[in-house]
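Letters A, B, C and D mark the chains in the order given here, with residues in each chain numbered from 1 onward.
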Amino acid sequence: MISVAIVGASGYSGEELVRLLLSHPDAEITAVTSRQYAGQPLGRVFPKFSNHPRAASLTFTEPDPAGIARVAKIVFLALPHGVAAEMAVPLLKLGCRIIDLSADFRLRSGAVYKDFYAHDHPAPDLLKQAVYGLPEVYRTQIKNASLVASPGCYPTSVLLPTVPLLKAGLVKSTGIIADSLSGVSGAGRKAEVDYLFVECNESVRPYGVPKHRHLSEIEQELSIAAGESVTIQFIPHLIPINRGILTTLYLAPTNHFADEKAMAELSGKIADAYNRAYGKEPFVRLLPGNALPDTKNVSGTNVIEIAWRLDPRTGRLIVMSAEDNLVKGASGQAVQSFNVMCGFAETAGLQ
Amino acid sequence: MISVAIVGASGYSGEELVRLLLSHPDAEITAVTSRQYAGQPLGRVFPKFSNHPRAASLTFTEPDPAGIARVAKIVFLALPHGVAAEMAVPLLKLGCRIIDLSADFRLRSGAVYKDFYAHDHPAPDLLKQAVYGLPEVYRTQIKNASLVASPGCYPTSVLLPTVPLLKAGLVKSTGIIADSLSGVSGAGRKAEVDYLFVECNESVRPYGVPKHRHLSEIEQELSIAAGESVTIQFIPHLIPINRGILTTLYLAPTNHFADEKAMAELSGKIADAYNRAYGKEPFVRLLPGNALPDTKNVSGTNVIEIAWRLDPRTGRLIVMSAEDNLVKGASGQAVQSFNVMCGFAETAGLQ
Amino acid sequence: MISVAIVGASGYSGEELVRLLLSHPDAEITAVTSRQYAGQPLGRVFPKFSNHPRAASLTFTEPDPAGIARVAKIVFLALPHGVAAEMAVPLLKLGCRIIDLSADFRLRSGAVYKDFYAHDHPAPDLLKQAVYGLPEVYRTQIKNASLVASPGCYPTSVLLPTVPLLKAGLVKSTGIIADSLSGVSGAGRKAEVDYLFVECNESVRPYGVPKHRHLSEIEQELSIAAGESVTIQFIPHLIPINRGILTTLYLAPTNHFADEKAMAELSGKIADAYNRAYGKEPFVRLLPGNALPDTKNVSGTNVIEIAWRLDPRTGRLIVMSAEDNLVKGASGQAVQSFNVMCGFAETAGLQ
Amino acid sequence: MISVAIVGASGYSGEELVRLLLSHPDAEITAVTSRQYAGQPLGRVFPKFSNHPRAASLTFTEPDPAGIARVAKIVFLALPHGVAAEMAVPLLKLGCRIIDLSADFRLRSGAVYKDFYAHDHPAPDLLKQAVYGLPEVYRTQIKNASLVASPGCYPTSVLLPTVPLLKAGLVKSTGIIADSLSGVSGAGRKAEVDYLFVECNESVRPYGVPKHRHLSEIEQELSIAAGESVTIQFIPHLIPINRGILTTLYLAPTNHFADEKAMAELSGKIADAYNRAYGKEPFVRLLPGNALPDTKNVSGTNVIEIAWRLDPRTGRLIVMSAEDNLVKGASGQAVQSFNVMCGFAETAGLQ
């Protein structure tokens, strides 16, 4: 059993970490922190955990690095950006390994961070050692990392469907469009009028147009995959579901497919690229036949669904993905990295 | 008072026509038909209408052209495609003017109809005389039309934001992408498992990928606006709201905007094009400032909201629209055409 | 045209008053106030009103009694309890007639107010002159009232179904139970975590058990109807809809109905009592046949639906009602009182 | 590993059985039947199961008793009433143990069955041997049962909160009222207009008033607990959530509590009764402090939440419960009985 702490355990992704790690066969939660709820038993703040045998002894504490380092080997940070780095610095010095769910260590460049997050990076020296926590792409690096930057929810939904195609040279690195739809939990447990039930129910709306913060990490990772600088169009929308992200990607194949034969050939190559990349991945579901992604089929799970269609009318490749923004898009993926870091079965606690 | 009949009054768009026309100052509903409910009072099938003073005398009847023509000057057809044409032919012969909400008369070409709807057109001779019922574009032609083909819900959400830009030559006619999100009423009042509450709630899913039927009329009308053949990418998604369509359009300006000055100039031209087209239109809301479309702000109304943003990172123009699929996307637009046909104030019964 | 002001126009019931009064044939909104939005045009804060011809000239102002009294004859107060009374006192002195949507003037007794609202009544002298604004019960008194206390949403849903039965002596005044389900707009446009989309969606929960504030006015009015002191059981629940209250009432008929004949006789008397009370009321829908109330059939309207069933197994009478909490439960009912006060058709602006 | 079959695996409770039993440590699903999907792989019909290692080999078959008995020791029947009995008879003869989720074997009396289900009982001889599968009440009997009749969703939500109070003589057996709110999955995966998304969203409605079928088993079990014949009032409502039942019970304590001392004493007795009954039950959560039940806190779990309040104003005891209708109200409870029958930990596969 590895001892773990969850810092910022009262937000939606923190709560989801608690849910997953309480049932993890090889992890033992030894600390849950929350400034707001410090001193209160976990089961009183979240009644749904109160029946869990392992939850009985857990009480929210203030986020004190020394205290955390005393009881936990691996620390999950579920904090706002900027704040996460302030915790990571002392915890790393105290010998903890960190899985950070914020955006603080996802970018390799402090300058890009400042451009997108509007303040200087709080710990630029750590950017080099941080590993981007997308196990399907960086499994080897995650294994020995002391600081894992777990990807954002939108980036996961864009990167997993796109990276294999770029790596295989099957689609152009220019002109990529990602149109994403997110459930409201993506906005966090924040008391703001915009996210009240009445304001979201029977409502759909784009936001963050045209420069959303997640663009920075999406473009960084697509550029690495493509081997050249990639700029994409990314438009997020808020839709009235609790959990889930559905992303539709508009891509241009590098080869035209003017006739049926060319189309069949290209289809074969795309299928191959996906099968090579994900055929043995436990959390990527390549949809067969007529099936298309649906967030309800991944809700509560660490699975991302991917389907694709070539459109002979427009010459485009349409790729669609569905994930649970709080699981594969956040806390489940963080636990997956945790499993990799500890040498556990990658599906431990996630099935 | 003009006497009107609603044929197929028990589906969602038929029901919405009843709602709008019951309160119309210059229309009198004299017949509502429904094979399923023939013989039953309107107020018993739809209790919400039972308190309306004008509804008391209305009883569903079988859809008999001769009977309808005897009591109604203008007939709204809210029927499935194929069936609508079968009613339109005799009603036109009997002297009625028709506003058809189906797809039967929206296309100028019977061949395109067959390609997209998979059967021969049931009344190809009428295609020439039919007018596409988008008042903001075809107001003059609607005025004297005997057969108005009211546009589809998706087409309305795509055409109104795009047509002025194409006409002004501000965006390229190639590479257009329309990503649309529709509420479940768009599927009609059909008893199918896919549209059950449990299957739609907490679910988002693309469908009809990549060749949805509405493409045919969208491309026809965009081609007319552009003066050349236009092929677009259109991907619809089903989201858990009752009413509303949100469409995000990805467009390429004909001129680059490499610096701020060029961007400001292009912005001015786009604003001008929209203001010229819609500045005096009562049902098009060009959103100012930071506002973005939201379906909840148009729900139950005949208004379409439009906002746009230039993205200097990608060189693209993003245009977003929101409408109520049952009102501006169907029955409200049909009533708007009715007002034009009758010389009434175009907002009569729609405010 | 009567000039009206809406004080507190940015909450849900204030916004609904704006919607209804903008389209009212005999009212002209001359002032809308909101501390939060003072100085901003109405159409910018609520884009959905921006297309309305009458809304163009309206800008939110600070709630200044003298300024309001200068431009408005009748003032709607859509403010929290306690605050409403502070506005009512000066406005009445300045000669305005008031329709107050808060709880401040609904109770005849300052002591009961203090018991339920936990502070001294801010203007006890006005309690005597205030009229409870339930037009179906107090139409005559509303006509000449200078201060109308518009009923709460839950009380309306309980009182309209119950009062005629108590007045007719058909049900016992003891043992009454009202089980109510309310949409989330009933909680107001307040930025609280409990009312976030994610906290309300896929959630149902009782609250305010067992002593909700609305009990005070419900029991006051039931006691008047019964001619004796009435204490009831009232349990509200929060359900994930925007608008609507569904109330189920458990009542004991004064006469047993041991056999079919007695049951038929009692049924006749109940039907008679309802028909006498509401047969000609434009906003009460007595459901015939097998129909049961459904909030979706009253959403956006000023109608309350009522149905009832005798249960020979238990000897009870079950009465069910459905209303839109923001219309018949708040702003629509206030406009109905306004119509009565001004001698307009009671349905003006409400159909 | 015990081999199990799920007959009727394509409805909501069948699908939920698949979900729970796929992850059960001691069960192996060897057959899933569905007339509609016979011949199709499980993972194609339900993509969400396709990644599960144990699901790969499962294909829907026709419901053939001999074939099922060959591969399964315990058979779960998730079929409509009437049909379930037809399968149970041959399967029992073939030596299988049965857990039936339908209503067919819940009643001890064939006459009551006919009164509520409107047809003769299809296998009256089996009624005597069937055990009502509420483990918290009938654990001993379930252990050796060959035919377990798993309780209905509403009955579970009523019985667990009420039985301990009746057994302890703390509440009267007369005048009990149960007001219940159910999510739409309770209606089953049936293609009916009433359960379409658009008909349920933004809608709340009572139904089955006043004589719902579940009354029969509720009253049977309450009568056993009370030691005398009990008739109750039960009114169900449909609310727009996928999963969950919230039941509010109105009960009359046998002793009055006129003063604070009597109230404290009665409170102590009620708390004692619940603690004795459920203090060690893994799936009953007695809510402490100010907490009230909320369906979102039990969604997806086998837990029922219970809270209660004495109301000194009315002399009543209000008890509220929340459960997931598909888990504790159906499939989870069935698996709980399965665990009891097999001598497994009762929480196996349910945490």
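Here are some notes:
What we mean here is this: a residue touches a chain if its C-beta (ideal position, glycine included) is under 8 Å from a C-beta of that chain, and two chains touch if they have at least 3 such contacts.
Please read these numbers as outputs of a predicted model, since none were measured by experiment.
Chains making contact with chain B as well as with chain C: A, D. For the interfaces A-B and A-D, the C-beta contact count is higher for A-B.
Farthest chain from chain B (centres taken as the mean of C-alpha atoms): D.
Distance between chain A and chain C, defined via averaged C-alpha coordinates, is recorded as 46 Å. For the pair chain A and chain B, the distance between C-alpha centroids works out to 38 Å.
Between chain A and chain D, the centres computed from C-alpha atoms are 37 Å apart. In chain B, the residues touching two or more other chains are 199, 201-202, 240-242, 294, 296.
Against chain D, in their complex, chain C makes its touches with residues 177, 179, 181, 199, 201-207, 209-211, 231-233, 235, 237, 239-244, 246, 248, 250, 292-296, 299, 309-311, 313-314, 316, 318, 320, 322.
Interface of chain C with chain A (complex): residues 12, 183-185, 189-193, 195-202, 240-242.
If you check the complex, the residues on chain C that touch chain B are 23, 44, 46-48, 50-52, 202, 282-283, 285, 287-289, 291, 294, 296-298, 300-301, 303, 305, 351.
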